[in-house]
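Next, two complexes with subunit A in common: one pairs it with subunit B, the other with subunit C.
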Partner chain A sequence: MADLEDRQVVDPGIDESIAGLTPDRIERTINRVLTEETGARLQAYLQTCVHCGLCAEACQSYISRDKDPDYAPVAKVKDTLWEMVKRKGKVDGEFLHNAARIAYIDCGACRRCSMYCPFGIDISYMIMTVRRILNLLGVVPQYLQDTTNSHAATMNQMWVQQDDWIDTLMWQEEDARSELAGARIPLDREGAEIMYSVIGPEPKILAQLIANMAIIFKVAGADWTMPSTDGWDNSNMAMYSGDFETMGRVERLHWERASELRVKRVVMGECGHAYRGAVYDGPRWLGWTKPPIPMVHAVEYYYELISSGRIRIARKIEEPVTVQDPCNIVRGRGLHDKLRYVVNAICADFRDMDPRYEHNYCCQAGGGLINCGPPWKRSRMKSNRVKADQIRDTGAHTVITPCHNCHSGIEDIIGFYKLGCHVSFISELLVKTIEMPDA
Partner chain B sequence: MYELIRGPLLWIGFIGFFGGLLYRFVTMARLAKRERVVLPTFSARFGLRSLAHWLVPFGGANMRRRPAYTLLSWAFHIGVLVTPLFVMGHAVLWQEAWGFRWWSLPAGLADAMSLVVVGVCLFFIVRRLIRPEVRNVSYPSDFVLALVVMAPFLTGFIAHRQWLPYEPMIIIHGLSGVLGLLVLPWTRLVHMMWFVFTRAFMGSEFGAVRHSRDW
Partner chain C sequence: MVDCGSWDWTIGKRAISDLGRVHDEYDEVHEWAASPDGERVAAPVLAAPDTFAIVVNQERWDGEFEKAWHLAFTPDGRLTALVRIDDEWTLAVDGEPWDERWEFAWNPIFNRDGSVIALQIKDNMEYSVAVNGVPWQRRFHSSRGLAVSRDAGRVAAVVQVNPLAEADTVGFFEGTWSLAVDDVPWDATFINAYGPTVSDDGAAVAAEVRLGICEYTLAENAIPWEQRYGCVWEPSYRNGSGRLVAPVRIGGSWTLAENGVPIWGGRFMQLWNQRLSSDGRRIAAVAAAGFGRWTVVVDDRPWRTSFDDLVRPPVFSPDGARVAAGVRRGGRWSFAVDDRVWPETFDMVWDPVFSPGGGTVAAKIERDGKYAVAIDGRPWSPWYDQLWDPTYSPDGTRMLIRGVEGGRFVRHVVGVADRFQA
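Moving on to the complex of A and B:
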């Protein structure tokens, strides 16, 4: 039985939107997505699943909630998509309310379950199809919809205006220069080797991360630039709300900006879903098989800098650390070995989590979950007790999280379960440990 | 009656089985023409890599987590596929009908494999009833399908051992076998055909596109 407290959460984005729907519109929308927006892939998945339940133990929410069968991945599909198909779209408001909670809150589209399904059924794709339907019906958690609206109106996630953006970069350039003489944040430099892209929350609430990167680029002697105009943000919550039209606009603009700057590659900050949006979901929606310019995640870039000797580590972090494998760059890009190389290079006492690599548990914040906001925070916490246990078992003082969603999600878990440790991005540790050139 | 089953009815079974699978395949392939994600990312190498991991027992993490289930399920699928093709009684039918010689399993082994299929079907049914995460997603059809799969193996075994009058038993055996062939393409048993594609697509996604492993 799904959690009673969760079922009573009031979210105007869900409740009020459902109140305005007619049965006819619900039916038409569901059937449109099932017949026009999906095809052989969905049909094969629907016909193939034998209801074996072997996916259950893949899911952190199922494990964390004492193996409540309603939180098994297959049950989440049964209570949403299977019923929509079976009833040919004739579902009511109460059903949609439940479906929205399941699709937006209980599943982070982390794809761990598809590694446990003997048939390799992409369960997260089916949940994303449910989100697509709900989005077309306007049934989206209010906070998540607000983020999507920000993308649509400003082309970034946090309503950052262009003057704020430039001002923040200049401020961070000053900060970086106070640490390292000659550090710069070069804007709109055509023909640079690298365009560096960040996600909306960096200028808004974590601006020092941009200064960190300016220092790292300076030490490495990189030829880089950032765009001064829209397209700098490659985060994409529209991808998770089901508003694929807006998702496509965001990704197209990001790649257009990179193309205008004629860079050879795009290095992006420590974020997982932004990587997914820019490299997979965005290009696919736009009809491209891959991005027009290679994209390199920060973890890969740090690995390149350290392994080639372009930056040197002067001292190591002594306190025990562990690392969270972000779904979208580990299951989604296989960066686990490079991540460990970097962590071992800068930390003396690295303690791995178990399970790890592709089998690591999701932080229950990615996939748009944390963006569903405060009404759903307790639900997220209850759905990831297993992550708290995993972190506690390592005895680490710092959890390294090379992803913004993991960073915020694990910070919440540490607070909720009183783990007494803290989270850190790699760049924060790098600026403390790299060998700075003599000023 | 027996002649009717091993003659026309068996033909109906085979035609329904292969025709049904062909129909499903063709309609799916036509639907797949619109698919913009699957075909461009399909990779034979990574698809086969994934299939290899998931066809070999304990090749995937989830299989190592539950060794008993893995062995039972593996033995069951071998039994379902191999026994009907190579049991002695069927080999004789092949030879009588078309005159070609066909390999056949020793009678004892075929009996054992049939019993494994029957036993594991019962295990699947019991598991469906007692494991909450499986019961929660079980429909009446799931139980019926397990019985449909079990029936030809159980009746074949009883007929061979002649525990019950042979003639009626072999008639029920033939009928249940034909029934199984006919329903397979139209039920979840069609995973026999689709799993190759779903698995290979996931293998391509993980391997070729995302540079990671899916087992």
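Moving on to the complex of A and C:
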């Protein structure tokens, strides 16, 4: 039985929306998605699963919750999508309430379990199908829906107004110049080699990360630009709420902006889900098999700069550090070795997590979970016990998190489990360690 | 449309400005902008710490600014720049800042002859639009997206007309967005509104609107089409008939609809960036025939060639007979013209330009960090350090090249039929 406290969480985005649904609308919506938006892939997964339960041990929420069978990946599908299929869409409000909690909160769509399934069944795909149905019914956790609404209205995740975006870039340029003479954030420079894109929270609450990149680009002698208009945000919580139309609109704009600026590639900041949205889910929804213009994650870019000698490390961080492997760039893209190359280049005492690389546990903040907001924080923390243990065991003082969701999620874990360490993006360490031109 | 008939079309090269000297004189020189006729080249420069000036052909505008950026020439050749003075923003036109200043100003756009300049403004945390320096009376909670009619100078903006509290997801779906046209908001509100467009004569204004979680349509002069779609993209007006066309998604596939009715039989995985011939009779759009099979569809007939990476918005020849587009395949850029792909590939391409008679196609290209003009598939000009789009003379016999060579900005008029004399 799922955690009683979790079942009692009040979320108007779920509770009030369900209250307004009719049985007919529920049935029609479920069957519409099942017939028009899914196909052989879903059928193959549903028919292939032998209910062996081998995926259970892979899931951090299952392990963290004392192996409660309700948190096993296969159970999460069985209690949601399988029932919807079996009952041909004839499910009630109580069922949807449970399904929403499972799909949005208990599963972070991290895909760890599919590595352990003997058939490679992608549980995350099925959970995303549940989210799609719930989205079309309007049953989405309120905070996640608000983030999606922001994407729809402003083309960014944090309701950033167009003038605030430009103003923030100018202000960050001034900050960067105070650290390094001549540093710039060139806006709309057509024909630059690189368009740098970030996620919505950066201009809103972590603007110094943009100044950090201006310094890194300047030291590297990069030919880069940022768009002054919508399309600058590479993040996409609409992908996780199930509003794929908004997801597509956001991704289209991002890629159109890059195309209009005639850049050779897009370098993106330290974010994992944004990589998934911009490289995989978004392009496919729009008709591409891959991003139309190459996209390089910050970790890959730092690796390129350090390994080629375009930036040099003048001093190393001495305190012990560990690193979180963000699911979407490690399981999703295989950047674990480059990540460790960068971390070892800038840190003297790197202590790896166990398990690591693509086997590392998810922070259980990605997949839209952290955007479900305060009502669900405690639930999220309960599913994070194994992550807390893992971090504690490294003895690290700093957890390097090259992903915004990992960063915020692990910050919460550190506070909740009183781990006594802190989190850092790579760029924050890089600007402390790189050799500045006039040094 | 730039009226280039009055430009100097004398064959020959003139050095307009020694950019190297400007770079020597100032610690920082930002992005250069060239006038359409190639007679001027301008950039913001750092005149003193935290003080910017605009340099035009080595001469400085009189004023200095706390910030200056977004240099753009109007179609009638005036130089505009967004400038900050005493912590307020405005637009400077040929060195003269507008009288009115605001907390913020951005996104200047021009009508066809440059007689109308509209930009978005913010004051006292409210949003609006200024046209030729005069702000609208009405203020809004937000404003995103601006359009101006090409001929009549009518201005439309996507505006948020109702307030929305933080995390008010219910209020959001009641609709807070609308359009405002020449200072007057539409009566209707929508969940979202995107892609405003104004007919050339200013008689009609349209936008994509969202009516439900997954329910979209087009609205024209505040009235939504009766049909509802799973998604829509930005609309365009057809010259001549004045009808509105837009890509719409029906079921799982896309087609083109006109005034609410599909006019193409073709169904595509994706369809966008429709462009119309100047008489409005022909329509070309970018489509995906399947995953990673991007092409151009002209009047409902897809090209046979397809491209895995990207197809840029198509361009019609002036007579509407031919269509060209920049394309990217296997990571290399090229051009496709009337379903034929130019064999040479480049590191980057800019949008093609047809000669007035439509017989030749020219475009700016880049290879190894140098730029040239290609004509009909082959690099034709010398390679420059920097280059702007080429322009044909009205009779199509000559071409104006605006480029930077040896640190100097040059304007070079060349006979198109001649071998290029560098």
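Note that the second predicted complex is superposed on the first by the 438 of 439 C-alpha atoms of A that agree within 3 Å, B and C clash if a C-alpha of one lies under 4 Å from a C-alpha of the other, contacts with A are read in each partner's own complex, and residues count from 1 in each chain.
Everything that follows uses one rule, which is that a contact is a pair of C-beta atoms (placed from the backbone, for glycine too) under 8 Å apart; a residue touches a chain by one contact, two chains touch by 3 or more.
Note that the coordinates shown come from a computational prediction; the quantities given were computed from them, not determined experimentally.
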item	value
Subunit B versus subunit C as contact partner of A:102, first or second or both or neither	neither
Touched partner set for A:331, first subunit B, second subunit C, both or neither	first
First (subunit B), second (subunit C), both or neither touched by A:191	second
Touched partner set for A:228, first subunit B, second subunit C, both or neither	second
Partner chain in contact with A:166 - subunit B first, subunit C second, else both or neither	second
First, second, both or neither for A:252, with subunit B first and subunit C second	second
Touched partner set for A:289, first subunit B, second subunit C, both or neither	both
Which of subunit B and subunit C A:153 touches, first, second, both or neither	second
Contact residues common to both interfaces of subunit A (with subunit B and with subunit C)	284, 287, 289
Parts of subunit A lying in touch with subunit B, wherever the complex brings them together	39-41, 43-45, 47-54, 56-58, 62, 67, 69-70, 72, 74-75, 78, 114-116, 118-122, 280, 284, 287, 289, 330-334, 358-359
Complex interface listing, subunit B residues touching subunit A	28-29, 31-32, 34-38, 40-41, 50, 54, 60-62, 65-66, 69, 131-139, 142, 188, 190-191, 194-195, 197-199, 201-203, 205-206, 209-215
Subunit C residues within the subunit A interface of the complex	27-28, 30-31, 67, 69-70, 103-104, 106-107, 120, 122, 127, 142-144, 160, 166-170, 172-173, 177, 191-192, 194, 210, 213-214, 216, 230-231, 251-252, 269-270, 272, 288, 290-292, 294, 308-310, 312, 328, 331, 347-348, 350, 366
Complex contacts: residues of subunit A adjacent to subunit C	12-13, 16, 36-37, 135-136, 138, 142-143, 145-146, 149, 152-155, 161-163, 166-167, 170, 182, 184, 186-189, 191, 228-230, 243, 245, 248-249, 252, 259, 262, 264, 284, 286-290, 292-294
